[in-house]
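Listed after this line are the structures, all set down as structure tokens.
What follows is a pair of complexes built around chain A, which joins chain B in one and chain C in the other.
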Partner chain A sequence: MFSLALKNIFFYKGRSLTTFLLTFVSVFLFIVYVAFMDGAHRSMLKNALDVYTGSLQIYHKEYREKGGYDYLIDDVSKPLGILARTKGLKAYASRLETYGIASSKKHSSAIMLTGVDFDKEAQLSELKKALKKGTYNSKGACVYMGETLAKRLHTDIGEKISFVGSAVDYSFVAELFDVCGIFKTGMYDFDSQSAFMNRRYFDSIFLSEGMATYIVAMADSLGENDKIAAHIADRLPPQLELYTWKTLMHSMVELMKMDSFFGYISMGLFFMVIFFVIMIYGFINVNARMKEFGVLRAIGVSDARVSALLFTEILLLTLAAMALAVPLGAYVAYYFQVHPIIIAGMSDMYKSYGVVSDRVPTLFDPVIIAWNSALVFGLNMLSILYPIRYVRSFTPVEEIHHV
Partner chain B sequence: MIRLVNVNKYFYRGDPREVHALKDVNLSIQSGEFTVITGPSGCGKTTLLNAIGVLDNVSEGEIWLEDREIAHLPATQKTDIRLNSIGFVFQAYNLVPVLTVEENIGFIMRLQGYSDEAIRIRVREVASILQIDQKLDSLPNFLSGGQQQRVAVARAVASKPKIILADEPTANLDSKNSTALMEMMKELNRKEGITILFSSHDEYVMKNARRTILLNDGAVVSS
Partner chain C sequence: MFKTVAHMAYQNAFLRKSRALLLVLMIGLSMAVMVGLEGLYDGMSQHMIEKTKRSDCGDISLFAPRYRTENSIVYHISNAGKKVALLQGMKGVRDAIWRIESEGLAQTARKSRPARVVGIDVADEEKFGRYSDFLQKGSLEFGKDGAFIGNVLADKLKLLLGSKVIFSMQDSSGQLQSVALRIKAIIHTTNIMLDDRAIYISRQKLNKLLSLPPKSATQIAVLAGDTEVKTLQQHIKKAFPKLDAKRFAALYPQLKQTQQLLDVFNEISFAIVMTVVFIGILGVMYVSVLDRIREFGILLGIGYAYRYIRLQVFLEALFLALAGFVLGSVLGLLFLVYLKYHGLDLSVFSSGMSMFGLDSTIHAVIKPGYFVSTFIAIVTASLLSIFLPLRKIKRLDPIEVIRSIG
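And now, the complex of A and B:
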């Protein structure tokens, strides 16, 4: 039966070639398309997390629901110690956020003032890279503020602003700060509300030594993040809790899911068309060979063997097409991972999510490639079921007289 | 060897188009017979051969092959009987187009699981009887009608079935080829002891048969 199948493939060239080419094209396109889609998502996400969010954050329980100074982490040494012993983290740091009113000579604005360790932030986030004017790592009563905020306050480097807010013990804070640096990330909310200050001076004013609103960490590889997060979460003191980027960037994750969903839908429609074309070709082929099947069955070939014959034919065609398409698709996916495509303007489109690069590497993932190939393979195998049913629905006599 | 008991066959039963193609057919065919079924066009020759070869269902009655009733077996067992006990030769050669003459002749033996060597020997043997041994490597489409029909007979014969059913095997052949084919079938009947049952309205063919069954309008007139 195997050699008969092989001979049929070479004999019925039109059908074989069509099936082969369509399968080749669909496997290849599918692999490349998904690699691009996943790659774009991965790089957008990586970009966004790199800016400021990190891949995981640790909070005191209830802070994210209720907020306020009552739910600060009051001793960062223990969680920081856990992070220090965790492998696979690129960097980590604690941040303390306060809210208040900043005023220049002309204007006032609500701001979020965050105490950070500038050295650690330089490894962890893009704060340093976002520097536009002045200095990044300033000591003393210096703030590093967003460009939009500076514009709103009509202030600039070298000028002073006053700040009114409260320390972590709820005592009143009113201070004068120098504007030492101005940054721009491109994220509007961030640039129009945020200001940063070095932790040492910040703690002396806000009485927050050893405390944190949250601790942020960035994993070396996003793929490992869940594993690392689970490892850390297991060791945290009971009053602390951990969030990964999947929760922290919920809206972006949802957006990507939607995008993937539509991507798969459009691919799905494309495959439906391919599937039907392959099926129709298979059907036309089977129809033209009706008489042959009638003879085969009449001289004692069982229905099971006729089915096996048809099945073997499509199997061989599919495997041959995939043997070419999978390595080729995988190569393309790999090549563009190493040499990313540059899509001009992409960073503008996704600025609000903090995407800062136009480079879009594909995602080369053998597991995804295997799944996608298996999907096309399965569809091809399904496409012969109807023709097989059709053949079996006739008696051999009917088939011999089939026109 | 073959016995038909009150066999009836209707097409479109209960429909205004109903055809009563076989009417109470009772027949008995002995082992080693060389018999022709004849009658006017549409009298039911093909229908009768298809019924005996369990290619088509009958509406009523029994068909016995040796001591087994075969008309009402499940499909897989019918396939088995066609494979192992019956050889078919159809009116229009019906070879497998992608297989060579040699592969076509050996096809049934291969399904039956004979060794390559046994198949090779047997194929050459029947091919030489039927004088197609020069064409073993050709594809069917490159053969003349007479040659194709001889390949079809060779295929039916090669696996040594108990009986060969041939539906108008000479209908597409000229008289020279018909004569040659009949001579060969006769020889196979004599040498290999195969029971042969075929339909024809060819005068010459009928003269050669040892027994003639005459059908008319689905009923056996004489046998």
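And now, the complex of A and C:
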């Protein structure tokens, strides 16, 4: 059966070449397309998580619904202790956020001021890497602010700004701070609204010692995040709730799903056309060989064996095309994962959509490559069903007399 | 003679019914999905651009010099009402509107967020951009202390209709001003820059709060009529040399870029699909000619001109392609009409779509161009697909063919 199929493949060169080329194009295109789509999504998400969000956050149960100082975590030691005993976390820290109006000599702007542990943040987020000017790990009445915010306030390193807001007991806070550091992450809202202060001094002004708006942690591997999150959630006090990045970045996750949805629809269109063409060539091929099938069936070859012959032919052609397309597609996916394409100005253009890097890497994932290839393989196998059905609709005598 | 050739071509084109049906189905279905996708992608980008123009910048926006770089109300446009009246009288201008806005802090009893307050006139906005379309909840009346709020900001601040919000901002003299506002309406423009940050109050009230002369504006937005936007921009620049006139593409480059990317993506998809369609037609035509090679040999042998055979083969390819085109046009049009009026409900991705400035239901647009370009591509594919089969016929030796019979 195998040698007969092989002989037919070489004999019917036109059909074989077309099927081979179309299968090759389908597999290669699908692997590379999905690698770019998933790579761009993962990179966008990873950048957003790495910059500040982390892979999981712990809040007081009602904070995200109601908000305000009434729903702060009032004793961070217990959840921090749980995180300390959890394996698979790269870093974790507590943060306390407050909002107010910051003013320089002539300009004012609304800001989010966050009390942080700068040492821990250096391991947890990109805050340290984002330093543009001045000092990162400042002490005392110092703020570390976003570049766009500094521009809005027309302020620079060494200058003073005032801040008007409220402490956690709702008492009035009006303080003068030095601008000690300026950062740029590329996230537009973040850079235009955020300022950070070392936690010790922050707590002394906002009366927030031992408290936190939330605790943030970053898992060593995003793939393990759900497992780690479930482990921590089981041990948290009942008034606290854990959220993973999937909830925290819900909009971005949905945006990516939507993009993938349209991506797969477009690929579906290509597959549909290619499927039809492969089927047409298969159909033309069996039409031309009708006499051959008639003779085979007349000498006692069963219908199942004839079908098996046609299946073997398409199987061999598909496997041959995949043997070339899969390694090539996988190599392209791997190469551009290691050497991402750089589209200059992309992050600036799409900053409001959370794009913070000009690099567009692919995602090399053997599992994804395997299912991409399996899908094309399956479609190719389906494409021979109609030609087989057509062959079986004739009797051997009709086939022998087929014109 | 043409009639006879055409008749023969028609008979032969559909002689092998299964084969013809497969080809027609392939062309028809791929074309239907292709035009459906084109309409959907165009609908997406047009929707984003159109709503952004209506809710914010129009086709052209005018600013005081330095306002866009300094983002300070110190750089405002004075006598905006007069300027808008002049613009409205200008040839090529459909409508113009002025707004005033300022950055600040929105606070409730529990939550705070940086936000921006936008001073508008509801009647003018309605005329300019059908503002009532953006109303999600409530009513569009400011009353004494009323304000409207973007739906995303309302969600972040947990504000409902009737809730109170305090907005603090810096006035033109550098003093901090606060105003207590009651939410009267929740607005959903799908322009994320507004939905995520804007609180709307009356223009007069905001001018007063900012200690600015009445009818001071930070932006004048212009909607173009029939005149080309670039030409209109030049006219406006001449009329208002001291103002900075920017076109939509400069104000929202990411949307323009997105539209261009979608166009390129559509063109690439179209080219790939049509190439594969061409391969399909080629295969069918080649085999169809091979099946009848003796018939063509005999025809040539009895003196039938080659040009008639060429015409017949071309017409056969064309009939098959046109049958596919008709099927594709009908299915594609039905698909597009459905998507235009009912839309594609993607509410499962609603918050992601909102982040990208889209409604959760996407409505397609229908352009004759989709069908014209597909028609041209299909006729071209038919024409190209006959070269190889015709070469085979041209190389035929009629005597050899006749000898081989029997």
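Note that in this section the second predicted complex is superposed on the first by the 396 of 403 C-alpha atoms of A that agree within 3 Å, B and C clash if a C-alpha of one lies under 4 Å from a C-alpha of the other, contacts with A are read in each partner's own complex, and residues count from 1 in each chain.
Keep in mind that, in the parts below, a residue touches a chain if its C-beta (ideal position, glycine included) is under 8 Å from a C-beta of that chain, and two chains touch if they have at least 3 such contacts.
All values reported here derive from a predicted model rather than from experimental measurement.
Between chain B and chain C, it is C that contacts the larger number of residues in chain A. Once the two complexes are laid over each other on the shared chain, residue contacts for A:396 go to chain B alone; chain C is not touched. Shared-chain residue A:129: touches no atom of chain B or chain C.
Contacts of A:106 after superposition on the shared chain: chain C is touched, whereas chain B is not. By the document's definition of touching, neither partner reaches A:359: not chain B, not chain C.
Contacts of A:11 after superposition: chain B is touched, whereas chain C is not reached. Applying the stated contact rule after C-alpha superposition, one finds that A:22 touches chain C and leaves chain B untouched. By the touch criterion defined above, A:297 reaches chain B but does not reach chain C.
Residues 16, 18-19, 22-23, 25-26, 29-30, 33-34, 37, 41, 71-72, 103-107, 109-115, 158, 168-170, 174, 176, 192-193, 253-254, 257, 265, 269, 272-273, 276-277, 279-280, 283-284, 286-287, 346, 348-356 of chain C are the ones that touch chain A when the two sit in their complex.
On chain B, the positions that touch chain A within their shared complex are 50, 53, 55-57, 75-76, 79-80, 82-84, 86-88, 90, 94-99, 107-108, 111, 155-156. By the touch criterion given at the top, residues 14, 18, 22, 65-70, 98-101, 103, 106-112, 152, 164, 192-193, 250-258, 261-262, 265-266, 268-270, 272-274, 276-277, 279-281, 283-284, 287-288, 349-350, 352-354, 386, 390 of chain A touch chain C in their complex. Remark: chain A residues 4, 7-8, 10-11, 291-292, 294-303, 305, 395-397, 400 touch chain B in the complex.
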